[in-house]
Structures are given as C-alpha cells and as structure tokens.
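Have a look at these structures, which come just after this line.
Both of the next two complexes hold chain A, though its partner changes from chain B to chain C.
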Partner chain A sequence: MAVSDPTPDFLKIKNAFRHFATPEGGSVRALDGINLNVASNEFITLLGPSGCGKTTLLNIIAGFERLDSGSILLGGSSLLELPAHQRPVNTVFQSYALFPHLNIGDNVGYGLDVAGVAKKERNRRVSEALEMVGLSGVEKRRPSQLSGGQQQRVALARAIINRPKMLLLDEPLSALDRNLRSKMQIELKNLQSELGICFLFVTHDQEEALTMSDRIVVLNGGKIEQLGTPDEIYHRPASRFVTEFIGESNIFSGRVLESTPEFSRVDLGGAEVICNNPTLSAGEQVSLLIRPEHFHLKAADEPSSSRGLTAVLEQSVFIGRDHQLHCRMGNGQEVSALIRSSFKALQAGQPLTLEYDPAAWHVIPERERVNEVI
Partner chain B sequence: MRKLLNHLMSGYGALFFIFLYAPVILVVAYSFNSNPVNVMIWKEFSFDWYINLFGGETNLSDSSAYVESTDQLFAALQVSLTVAAFATIVSTVLGTSVAVAIARYRFRLQGFYRLLLMVPMVMPDIVLGIALLIFFVGVGMNLGVTSIVIGHCTFLTSYVFIVVSARLAGMNPMIESASADLGANEWQTFRRVTLPLILPGVIGGALLSFIISMDDLVITYFISGVDSTTLPVFIMSMIRRGIKPEINAIATMMLMASVLIASAGIYFKSRKA
Partner chain C sequence: MRSFNGQQKQLLVLLTPATLFLSVFFLGPLLIMAVSSFLEPGLYGGVEWSFYPWSYGRVLGWADGFYEEFDIVYLEILLRSAGLALATVAVTLLLCYPVAFWISRMPSRWKSFCIFMIALPFFSSMIIRLYAWILILRDSGFANQILLSLGIIAEPLDLMYSGTAVILGMVYIFVPFMFLPVYSSVENLDPKLIKASQDLGATPFTTFRRVIFPMTLPGVIAGSILVFIPALGNFVVPSMLGGAKVVMIGNLVEQQFLASRNWPFGATLSMIMILFMLLVVSFYLLKVMKKQHAA
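Up next, the complex of A and B:
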C-alpha cells in the first residue's frame, strides 16, 4: 500500500446540519453548521461528550445516516449521493460487528468476496491484512473464540482490506482494558502512518484524543468548539467548555488591574496574579486558566516572589510520581496543583505558596454557549 | 415441617404432570390393546391395529375397524401432506420477508402492520373458518387443496413472522451496517449475512407451520371440499361413528410425527448462530 502525496482538503464538510426529533416532541441539533477540512493523510479525532454529534457525523460520512443540509466532498466528489456500499470509506465499529457465522478469514475477506476478487489474490490480501494488525494464522477461528483485543484487530483488518481512502473509527478502543488500550493507541497511530490514509477517530476520551491525533475537533451540542493540534487544544483552549473537558484545570474569574505590553496584573477577588498576555486591557473581566501541573512549590529558604498564589493545603493525594494538592486560597477559592512527590511530607492545614510562570496563564475567550434545543 | 411441605410440593408436581399426560399415555398404551370391543379394557398386547391400518391381514373382524379401505386414510394423509408442504413454503417466504421488512426498514403504519400480523394468532378459528368459507364462496372459488393452502397461509404467516422477528431482534443491526460498509449491496447483505443468521429461526418457523397445518381441524373443516379431506377432518368423521381402538393407533402415529417435527423446530429455533 503505497503512501501518496497528501491532499490538504481531502475531506470537505460544508455547513452540515442534522437534527433529530426527541420523544418529547422537540428537536435536537446533532450537527449545527459543521465546517471541516481534513487532509488525506491526517489522523483527526472528533472529541466530545455523548450527544455532541460526533457519532452522527461519522455515520453520515459512512452513509448510515443522512444530512438535512450541507455538503460532504471526498477527494473532490460528493459523498452524499452514494449509498453506503459504494463509498470509498470503511468503518471500525464500536461493537466490532464481526460476522458471527463466518470465520476470521471470511470476515476479513468479506469486502473482497463481495467485490468478486479472485481467490488467490483474496487469500494473499487476507493474510497480509491480518499480518498488518499483528494477528496472523487465525483465519480458521471463529470471532467468538477470540479475545476482545483480538476481535478489535480483526475488525481493523476487515476495514483496511478494501484499501479505503479514509478509515472511520467509532470509539473502537472503549471496550478494551487500560493497558491494551494504550498499546492499541500506539498501534493505530503507526498503522495510520503506514497506510498513509486519513483516519477519522471518534472518542469521548480526551487522553486518547491527545495521544493519537494530528488534530482534534472538539464538538459540543453539534458545533465545533475548537479545532486544533493536541498541543493547542490543551494549552490554549478556545472556550470554557474545552478547558473543562480537556484535562484538569483551575479556572478563575478576575478583573484586569493593569496591562502593559510585558505583563498584566489581574485581581481574582482578593488575590493578584501576574500573567503574560498583551491582549488584555485594564478594567476588563476575564477567565483565567492554569493547569495544576504548572504550579510548583517554593522552597522555604528561597526569597519570596510576587509570582505565587498563597493557599492553605486541605488535602494531599499521593498518585505515584506526583502529589495532587487540593488547596484553598485566602478568598475561599479552591485551587489544585500537581507537584512532583518529595520525601518531605506536606501537612493538611499548612500554608503554601504555589508559584507559577506568568506565561502559564491562559486567558479563555468569553464565548459561552448553551446547548440549544429548538 | 419444611420437609413435609417439600414432599407435598413434589407430590403436587407429579399429580400435575399426570393430569397433563395421562390421557395421551393411555392412548399410546391402548393402541397396542387387542380387545376389539371395548377400548378401555386391556386384553393383550398386539400390533393388530397398526397392521390393519396399513392394510395388512389381521384376524380382526371388519366391523371392529373404521377404515373401510386403507386407501381413504392414505388419501387423507396425502392431502394433509400436500397442503402442509405448500402452506409451509408460502408462509415461510411471506413471514420471513415481512419480518425482515418490519425489523429493518422505517415506513408509515409500521406499528399497525406489526399488530395486524399478530391478530390471526388470537383470532378464533371458527371466525377465521367462516370468514374464509364466505370469501371463497363469494369469489366463486372451488373448495379444495388450493383453498385449504390459502386458508392455512393466512395464519401460518403470523407464526413464521413471530419466530423470525424474535431472531432478528436478537441480532446486532450493526452487523448489517458493517456488510454495507464493506461494499455489499442490500441483496448481498441479505444473502451473505442476514439470512444465514436468521436461518435457524426460518427453519424453526417452517417446521412449526408444518405441524400446525397438519394438525388444523376447525379452519380446514370449513374450507375443505368433498374430495380434499385432510387427515384431521377424516379422523373427525370416523369418530362420529363411535370410538374404536384403531383411532388409538392413528393418534399414536400422529403424536410421534408431531413430537419429532416439533423437537426439530425447537432445536433450530434455539440454535446459536
């Protein structure tokens, strides 16, 4: 399977709308004006809570659902006119959906059998596909005789054997245990670069999304909250929703006291922080984000600095390499910090100074949205 | 006290099953009774009634048997088998198709159609029999094998529908989506995926239809013509001339056939894919 030059706008989704009737007689917007361009060799993840529209979008691309309005182009030609069985995309289902009455060889070879590929080539490609997913020599076994992880690999082999232009993966790892899941995450990513095709991966697991994706689409209520690389999504979330959905975070509301090109001073209601953000102006109300791992504890003999939050330790949880500290600031606000475990035990009730780098603060754009129900 | 209660319960259980099966066991036992005059008085073990039924020579007097000629009995059996075979084929095809349609597609009045398919199963046989008779007479159709087949199909389709629907309901619909996703059109998906997976249900439904058709008396009685008497209708007419021991032998053979077919039906219906 040769890797061809990537096409930047391979998949083009324009103004995609889809709504569903609810049993109560209302209507929910599953897709509310989605615009998305995906490159032909990209690992892109649709991330969001259940009901955000991610699976609906995948089903529409696969051809199992229709679109109310909008267009979807794949490699320049419209997908929507084609029935599911004529689309050059294949799917790995959450439930695997292996054919229980066929053995593994016939499951993997199904796409080729339907297309009428000659037996010799078919058998060669079946073993090639099984080899790619690291599962050789199980052709004669039944799906029910394989473990969940092996069934997952069969589903993958079955989906790539038709050499799709794009692979759709619907939460394929959600049924696997933690260790196997991390292993499969790496394998999936490797498989994607090996095949050089676009993987559209659907998940609600932010860790999974951050690990594997080239870009992540964060969906909420049928709209794109943010589209960006894992790094952008994690460090520069575009909204409060993304901030809260991705990783642990401390979010503070405050008022800008002073803003200079070098730094800004923000009052968090009794506590003051310094952050590097030239876009702020004095008097403005802002939401500030700082990740727990961006705090560090000041040693007692170091000179005090103004770049620290004073708080009282309420609880310290040992989580292996790190300690999770739950603290309360003078103004009553909670703040959590993740610091490297040390041999010096921390006592609940102990006052701490949580130091930070002014660049670690991120200003969350005020663009709050409520999930609309028509 | 508790032990006594347990004994009473097992005793009750035994009595319950005796109540259910005693008549049937008696019929089987007395089919081997050689007493030609009184059915219920045991004389000695004999195969005479079976031999007599199949036209063999026995030392029974002619007056002790119903069947004037074995040909009549075999003719009735032949009509029954023909009716059952055709009715089974037609109702299996119709019942399976409608079950797939209702389970896999969305259309107007779907729930209503599902209900309409259930109704023939609870419809009183008398009502269905009379309705069919009036219909056939009304459209000017001669009563015969064809009318019986049509009549049986009206309710057998419901049985096949229910058995196949249950099988379809237990199937992950994603499996069919996966087939389409891999490039199979609707017909290929049906032939390669859906049909093999529901086949146990289809065969189970067909066997069930076959024994119900073989066994049906009330509806068939209304719509059978003069020269198209089925086995149950034939036996009914025999009984009118008094109960004679031969009937035990016929009943025993029908019972065996039913048990065999029903067991096969249950086996297929519950078989795992």
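Up next, the complex of A and C:
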C-alpha cells in the first residue's frame, strides 16, 4: 500500500451541530459547533469525558448518524450525501462487532466479498491484512474461539482491508488488559504510519491519547476545549477543564505582585512563587498550574533557593519508580509532588521545600472555552 | 472422573421426572398407536389381536383387494395437507418477519404491549375465535357486506369452505408460534453487526442477505417447525372453515376414530403422518445446517 503525500486539510468539519431530544423533554447538545481540520496521514485523538460527543462525531463521519447543520468534507468532497456503505471510511467498533456466523477469514474478507473481488485476489488480501495485524493462520476459526486481543486484531484487519482513506476507531482498546493495551497502542501507531492514512481515534483515557496521537482534540459538552499536540495539551492547557482532565495537576489561584520582563511574583495567599511569564501584569488575578513531576526535593547539601514551596508532608505513596507525595501548604492548600523513589525515606508530618523551575509554571487562560475558528 | 460421575448422577435425578412423564404420556400412546396400526379392525371399533398389514396397504398400495382396497386419495390428502401447512408457514413467516423488526425497534413499553396483543388470542377458546371467522367469511358475513356496500362486488363472494379460508384460519391460529421465536432472534441481533456490514460497503440488501437473515435463521427454523407440525395435523380449522370441501389428513384420522370406528386405519394414517413430518422436518434441518456450514 503506497504512502502518498499528505494533504493538510483532508478531513474538514465545519460548524457541526447535532442535538438529541431527551426522554424528559429536554435536549442534549452532543455536538455544539465543531470545527476541525485533519491531515490525510494524521493520528488524531478525540479525548473527553463520557457523553461529550465522541461517538456521535464518529457515527456522523461513518454515516450512521446525521448532522443538524454544518458540513463535512473528505478529500474536498462532501461526505454527508453518501450513504454509510459508500463512504471511503471504515470503523473499528468498541466491542469489535465481528460477525459470529462467519469464520475469521470471511469476517476479514467481508468488505472484499460484498465488493465482488475475485477469489484469488481476495484470499491474498485477507492473509495480507491478517499478517499486518500479526495474526496469521486463523482464517478457519470462529470469532468466539479467539481471545479479546485477537478479536481486536481481526476487527482491525477487517477495517483496513478495503483500503479506507480514513479509519475511525471508537475506544478500540478499552476492553483489553493493561499490558496488552500498551502493546496494541504501539502496534496501532505503527500500523497507522505504515498505511499512511488518517486515524480518528476515540478514547477517554488521557494517557493513551498522549502516547499515541499526533494531535489531540479535547472535547467537553460537544465543544472543542483545546486542539493541539500532546505536548501542548499537557504543558500548555488552554482551560481549567483541560488542565484537570489531563494528568495530575496542582492548580493555584493567586494575585500578581510584581511583573518584569524576566519574571513575575505571584502571591498564592500566604506563599509566594516566582514564574517566568512575561504576559502578566501586577494586580491581576491568575490561575497557575504546576505538574507534580515538576517539583523536586532538595538534598541537604545543596544551597537553598527562594524558588520553593514549603509544605508539610501528609502522605507518601510508593507507585513504582516514583513516590507520590501529598502535602499541605501553610495556607491549607493541598499540593502533590512526584519524587524519585531513591530519595531518602520521608516521614508524614515532616516539613518539605518543594523546589521548582520558574519556567514550569503555566498560567491557565481564564476564558472558559477555546474553539478553533476557521 | 469422580466429579463427572457426580454430575451424571445429578443429571439423572433432574431428568427422571421429565423422562417418566414423557414415557407415560408420549411414548406410551405412540407405542399403542404403532402396534394398533398393524392389528385387525374390530367390528364396532377397537382391535382384534391378529397381524394385519392391509391398513398400510390401503394407503401405500399393497391392499388385499378383498376387504381393503388401495386408494390414492389418502396420499393425495396427505400431500394437500402438507401443501396447506406449508402455505400456512409461508404466510405466517411473511407476516411475522417484518413485524418482528418493527416491534423490536419500538420503545420498550410499546414492545411489551405489542407482544401481549399478539399473545392475547390465546386467552380465549380457539373454537370461539374460529366462529368469529365464520361470521366474517360467510356469504352474509362482514367481509361480503363491506365489499357489497362499497360497490366493489355485486354478488357475495364464496369465501367460506375453501382452501384459502382454511389457510386464513390456520395463519390466524398459528401466528404466535411463528412470531415468538422469530421475534426473539430478531431482538437478539446486535445492531452493531448491521452497522459493521454497512461500514464495510454492503448495501442494505446485501446486509440483509449476508448478516440479518443468517443471524435470524434459527428463529425462522424454529417458527417454521412449530407452525408446520400442528398445521399438518390440524382438523379443527378445516372442519369449521373448510367444510366437506377441504378434508385434511387430521380430519381423516378423526373420522376413522369417531365415525368409521376403524381404529387401526386411523392409527395407520397417524403413523404415516408422523413419519412424513419427521422426514420433512429432518430434511429441512439438514438442508439448512448444510447451508449454514457453507456460509
């Protein structure tokens, strides 16, 4: 399968709206003005809490659900007029949806069979697809005779055999155990770059989204909260929602005391921190984020600096390589920090200085939502 | 090994009541009937204890030609009955299959209501319900009155006492037997499979042929058998709606026992009907299973 040059705006979703009536007589905005452009070779992830509209968006692209208003273009032509079976996209369903009355070969070959591909070509492509997902020689078995992970691979092979221009994956890994899951994450990512097609991947697992994606779309209540690379989403969240949804975070609200082009001093109510953020102005109220792993404990022989938060250790939890420290500052606010486990034993009740790099602070923008406008 | 034995014992205990019941009330009568079909008819009903294969001869062609004569009409009646039963199966299936899909997509409150409505006729006597059909179908019945008053026909139609009337009555009686198994297989069909089929490029018709139909086939088979068997042996509907014109094998058996008082011949006809049913049903099952394997 030849990898062609990527097209930047391969999938274009413009002002997509979709609402559902609820039995109580109200209505839910499943999609509330979605604007999204996806490149033809991109691994893009829809991430968001349950009910935020991820499946709805996928269903609309696949053709199982209609749009109230808005448009969807794929490769320059509108998708919405085509019935589901004519759309050049394929889906990997959450529960796999393998045909129980067909064996694996016939499941994978289904797309070719309905298209009337000749037997010889069809068989060649079935084994090729199964080989791509690392599952050869199971053609004669039934879906019920395979493990969950194997069924997952069959669903994948079945979806790529028609050589779609885009693959839709609705939480394909959620039924797998942790180890298999991380293995499949890597395989999926490899498969995507091998095929050179666009993967629209749905998950509500932020770790999964951060590992796999070229870009992440964070959805909340049918709106895009933020669209960006995993790095941007993690280190420069655009809203409080994204900050809280992605990763562990410490969020403080404070008032800017002093702002110079080099640094700002912010009062967190009894504690003062220094951060590198030239955009702040004195007197402003801000929300600040610092990730737990950006704190470190100072060894006794290092010189102390003013760039530290003092807090009392309440609990230290061993989580493998690291210790998670739950601390409380003098003003009563909780802080959590992630510290390498090799550090000397810590006791609850012990006062600590959590040191930070002023560049690690991120100012959370106050506007509630950021929608990409095209 | 030990636990397996324990399991076997348990199974034995659990199966005993059903086995006893079936042997006393099903196998017993069947055996009596099989034996009497080879005995000589008594003068006023009952049997004489001597071997007498001529009852079978009457139907199948080796009658002695003296007391008993071969008559092709019995086989004709059997085949005609099978035809009527098959027609009943076909009509009930055509009615129930789409309705099952329709009901399975309803909100659950409506679903229960509709299923209740379909089962409702069971609450009243079959005879009474068939009388209602007589009131509808007879020359001065509702059907003819409506058609006449609408000016569609000038003369009342001869609706009663025909094969069509019998099929109509049997369809009416047997619809629930077809509906319930078909509905349960439709209800169990995962809508995701239909989506998956469409997603892979299948048109609605191909999706029906390759996914929906094969997945609901077990229900269709069960329903067909559940309708075919009682329809083939039914004698109430043909005697009420078919009159003397439409005699089915069930009527023939009834006549032998109650009117002609030739018990062995009635038993013979029953045995032939049972064998015929077994043949048809196993042929059907074999054919379907082969097809399922091939798919």
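Throughout what follows, the second predicted complex is superposed on the first by the 367 of 374 C-alpha atoms of A that agree within 3 Å, B and C clash if a C-alpha of one lies under 4 Å from a C-alpha of the other, contacts with A are read in each partner's own complex, and residues count from 1 in each chain.
One rule holds for everything that comes next: a contact is a pair of C-beta atoms (placed from the backbone, for glycine too) under 8 Å apart; a residue touches a chain by one contact, two chains touch by 3 or more.
Just so it is clear, the structure is predicted and the values come from calculations on it, not from any experiment.
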{"item": "Simultaneous placement of chain C and chain B on chain A, clash or fit", "value": "clash"}
{"item": "Which of chain B and chain C A:17 touches, first, second, both or neither", "value": "neither"}
{"item": "Which of chain B and chain C A:263 touches, first, second, both or neither", "value": "neither"}
{"item": "Which of chain B and chain C A:62 touches, first, second, both or neither", "value": "both"}
{"item": "Touching partner for A:85 - first (chain B), second (chain C), both, neither", "value": "both"}
{"item": "Touching partner for A:93 - first (chain B), second (chain C), both, neither", "value": "both"}
{"item": "Intersection of the chain A residues that touch chain B with those that touch chain C", "value": "62-64, 83-86, 89-91, 93, 95, 97-101, 110-111, 113-115, 158-159, 162"}
{"item": "Chain B partner contacts - residues on chain A that touch it in the complex", "value": "62-64, 83-86, 89-91, 93, 95, 97-101, 110-111, 113-115, 158-159, 162"}
{"item": "Of all residues in chain A, those that touch chain C in their complex", "value": "62-64, 83-86, 89-91, 93, 95, 97-102, 106, 110-111, 113-115, 158-159, 162"}
{"item": "Residue numbers on chain B that touch chain A, as the complex places them", "value": "172, 174-175, 177-185, 188, 192-193, 196-197, 273"}
{"item": "Residue numbers on chain C that touch chain A, as the complex places them", "value": "190, 192-193, 195-204, 206-207, 210-211, 214-215, 292, 295"}
